[in-house]
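In the two complexes below, subunit A is the common chain; its partner is subunit B in one and subunit C in the other.
Up next, the complex of A and B:
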């Protein structure tokens, strides 16, 4: 498995790919926070919020089908909790869409609102991750004073994630070619434990080899990087854009939306 | 188990991110001194191991079609000690959020606390308290199972606490707590079984690796006290939520009874309690939107038009952006 399997779109060269990773990270956090600040039954305003990440994703040339397939894959837990809403709040509320006014249970409004916020904040996260290489994101986080131990740990984890995933794919393939039926819980557990255990032993051995290699290259507890990070005019332009967009929705659009209903 | 952004409110998110950052910072500064390159490599690879081991699935009994897998908190905590396990698991949670989009950016604090910090410490101290300094194999294995169950339960109770304090969900605390605790009892038991199986596999195959874990049982009394304190605090939090479930459910008090699905609520929108609930929402949601909402109730049609305009406008906006991007982008080379 190639290491860029997960963030295969992060290597682009669009306007958003070239921004400073700190700026993008903070913008994504602020944007998510503003989305969550809209009321528990707000729906219409979420459409306006969605324009932001949508624009970034489109301009950065990231296929929306990829984004939405991944969002669908991670939604089950939220979906279950959101769908419990209609069971507990059946109080009808008036919903006005253009000339039509109809009533819908409050629980459904909440449910739709939760799922809408989930989609918008997930799109924001994708807009961040798909335009930023993981190494850049880590460098940005390090500049933002995250503990260096954690940064090194994240970097090492990312580096060896794909190595071990390849290994586990080999092990799983070996099992599926040899095991042709369900062997009962006890035996299945033993097999799984042996697989995980042998993977663990191999991981430890790998880490010892890495340690020897690090020592051979004179590792002294510090990682050095040639990268210089600085805020350019492009970043200031982006920050201004985000502030104007959020301000416009928060104080320009939201008050007219009625906050609560469609 | 991974919380999404939408299940917590901004204040809860801020507090949990602060708490997670503070404890991670503390742990990092504590282990920084003793961290040699061997440990750095070991932690990095074991983080990757957690991901890989989670892909090793096995059939669950009684439930055809479902499969369980290792989560790894207690396993790592028993092998690495709680501090290193917290760092490894936190990095796993962060990567899950950033690369696999599992759990939201603002819920990262919650997830680090629920999945990394609390299970590691609870699991480690419970394991230590039960296993003691004996080299009795059954006792060690029993310790692993109990530690896994309690660690999973502690995490699940915290999910309920965070979601309830946020007041985003409508599910009554009791139901939510019972469901989460029940599901995580199963999850914890499965985790215990697979952890025990792996530990016993490792003791037979590589006893030299496992020696360090079973040998030093010096802090067992201290461990017993600390684990008791942690479990008591978490249980107390769960029970206090249950106890104040009724006043807490201000907004459910006017709702229909969940046990009678065909019960038609007679209360209409003018009810005082709804006004109170709305006012309450206005307070906790930081955005006092209830005045605007009142306006929309008086003029539902005009509010309808503005929101329709908002939706249509957004859609048109997205369409224009898409069109421009399509027109302005240089033609792609055919190789792809």
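Up next, the complex of A and C:
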């Protein structure tokens, strides 16, 4: 797993890249909350919401194919949840698409709504991580007084996730070079368990070495930071834009499109 | 004049009872570049850990005349910096800048002093332009240099290196040799690479089976074919 899998575009210099990470984080959380709290069958409003992250991704020069490939990679989990809708809600509802009106089971509307909300919130999340370096995001969270232990855990997770995934790939490659035939379910399971055990032990060894490296540089349990951040006029402009956009949807668009309409 | 490192009759056994170090006596003067050479499992890395106080056995270890004890670990850390074998274990912060600043901040330096230390260290290893990069964005050679910067930024009098030339190609190894030769601190380097050892050190100590079996000028020790062969090593 290469680091560019996640943060390939985070080092850009667009308007959104230069914003304070706290502002972007809070905007993403607020925006996602508005999306998730929209009605269970308010599908048309989701299209309006999608304009926000879509515009950010385009403006920040993030290829949409990069974002949608990653959304597709995680969508199976949500797909299972969404597809359960039609099984328990079969009451027909009228749906209008322009001049055409037809009947559709409520469960299918829920299914589309869940997938829509998932797509819009994931686009928002990718707009955040593709325009913010993870270190800046952590610095922002730290300034927002999130527990330091959580910040450290997230930082270590991000730092060593790639090391761990590389090790997994090396182990799998070593296995495939010596695996000449299918060994049957039981034997394959035993081998997989042994590989997981080996990975676990190596992870513990690595954590011990990291701890020694930290102690060797005077670490006594307290993290010190020299990160400084400040809100600029650009950030205020962005906050105002987000508030106006959400206000327009909430009070300008939603009252007219809040029903079960596509 | 005090010795940079003084080890008196130090012995250490692994928890399973295997002797890792046996009666080690070693004195290293300030400003020297010393290589610890020996076959795999000879006890080189354990000896480096003992100097930093991470391994406690019988006998005494002094760093710049300060005895290594758990009660003065903080003082020892400021005198002796450790460069681990694997740079990924050494570089754990989200950005290179924060990683290099980690030690100076723990020393209690204020942000302005820390900034100075970090910038000097990064300049010394030639990574000023990489300061905002995440460690996993660096190449193997850059990671090695970055790991050295994390220690140099603390301005220790002594720096230990565990197999610093591991996984480096010829060009990066030559860069590392230049970098190590440019450092003014006392350097203690554990390695199995005799060419690297000969290029860096002025003194060589051969360790085998947890004992020091030879100690002297690098040119005499490393080119002694009979001695090297007797301990599973080769001449440069």
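As a convention for this text, the second predicted complex is superposed on the first by the 254 of 262 C-alpha atoms of A that agree within 3 Å, B and C clash if a C-alpha of one lies under 4 Å from a C-alpha of the other, contacts with A are read in each partner's own complex, and residues count from 1 in each chain.
By definition in this document, a residue touches a chain if its C-beta (ideal position, glycine included) is under 8 Å from a C-beta of that chain, and two chains touch if they have at least 3 such contacts.
These numbers were taken from a predicted model, which means no experiment stands behind them.
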{"item": "First (subunit B), second (subunit C), both or neither touched by A:15", "value": "neither"}
{"item": "Most subunit A residues touched (candidates subunit B, subunit C)", "value": "B"}
{"item": "Contacts of A:206 with subunit B and subunit C, given as first, second, both or neither", "value": "both"}
{"item": "Subunit B versus subunit C as contact partner of A:224, first or second or both or neither", "value": "second"}
{"item": "Touched partner set for A:185, first subunit B, second subunit C, both or neither", "value": "first"}
{"item": "Touching partner for A:44 - first (subunit B), second (subunit C), both, neither", "value": "first"}
{"item": "Partner chain(s) touched by A:158 [first = subunit B, second = subunit C, both, neither]", "value": "both"}
{"item": "Contacts of A:216 with subunit B and subunit C, given as first, second, both or neither", "value": "second"}
{"item": "Which superposed partner A:134 touches (first subunit B, second subunit C, both, neither)", "value": "both"}
{"item": "Shared subunit A surface residues [contacts with subunit B and with subunit C]", "value": "7, 134, 155-156, 158-160, 163, 206, 210, 214-215, 219"}
{"item": "Subunit B residues touching subunit A - in the complex, by the definition given at the top", "value": "1-2, 4-7, 9-10, 13, 24-25, 28-29, 31-32, 35-38, 40-49, 51-53, 55-61, 69-70, 87-88, 90-92, 94-95, 97-102, 104-106, 163, 168-172, 193-194, 197-198, 200-202, 205-206, 209, 252, 254-256, 258, 261, 265, 267, 269, 274, 281, 285-287, 289-290, 292-293, 295-297, 300-301, 303-308, 310-311, 313-315, 317-318, 321-322, 325, 329"}
{"item": "Residues on subunit A engaged by subunit B in the complex (per definition of touch)", "value": "6-7, 28-29, 32-33, 35-40, 42-45, 47-48, 50-51, 54-55, 58-59, 61, 70-71, 74, 77-78, 81-82, 84-85, 87-91, 93-94, 96-101, 107, 110, 114-115, 117-118, 121-122, 124-126, 128-129, 134, 137, 147-150, 152-161, 163-165, 167-169, 171-172, 182, 185, 188-201, 203-204, 206-208, 210-211, 214-215, 219, 221, 253-262"}
{"item": "Subunit C partner contacts - residues on subunit A that touch it in the complex", "value": "3, 7, 133-135, 138, 155-156, 158-160, 162-163, 206, 209-210, 212-220, 224-227"}
{"item": "Parts of subunit C lying in touch with subunit A, wherever the complex brings them together", "value": "49, 52, 54, 73-74, 77-78, 81-82, 84, 86, 88-95, 98, 101-103, 105-107, 111, 114-115, 132, 134-137, 150-151, 154"}
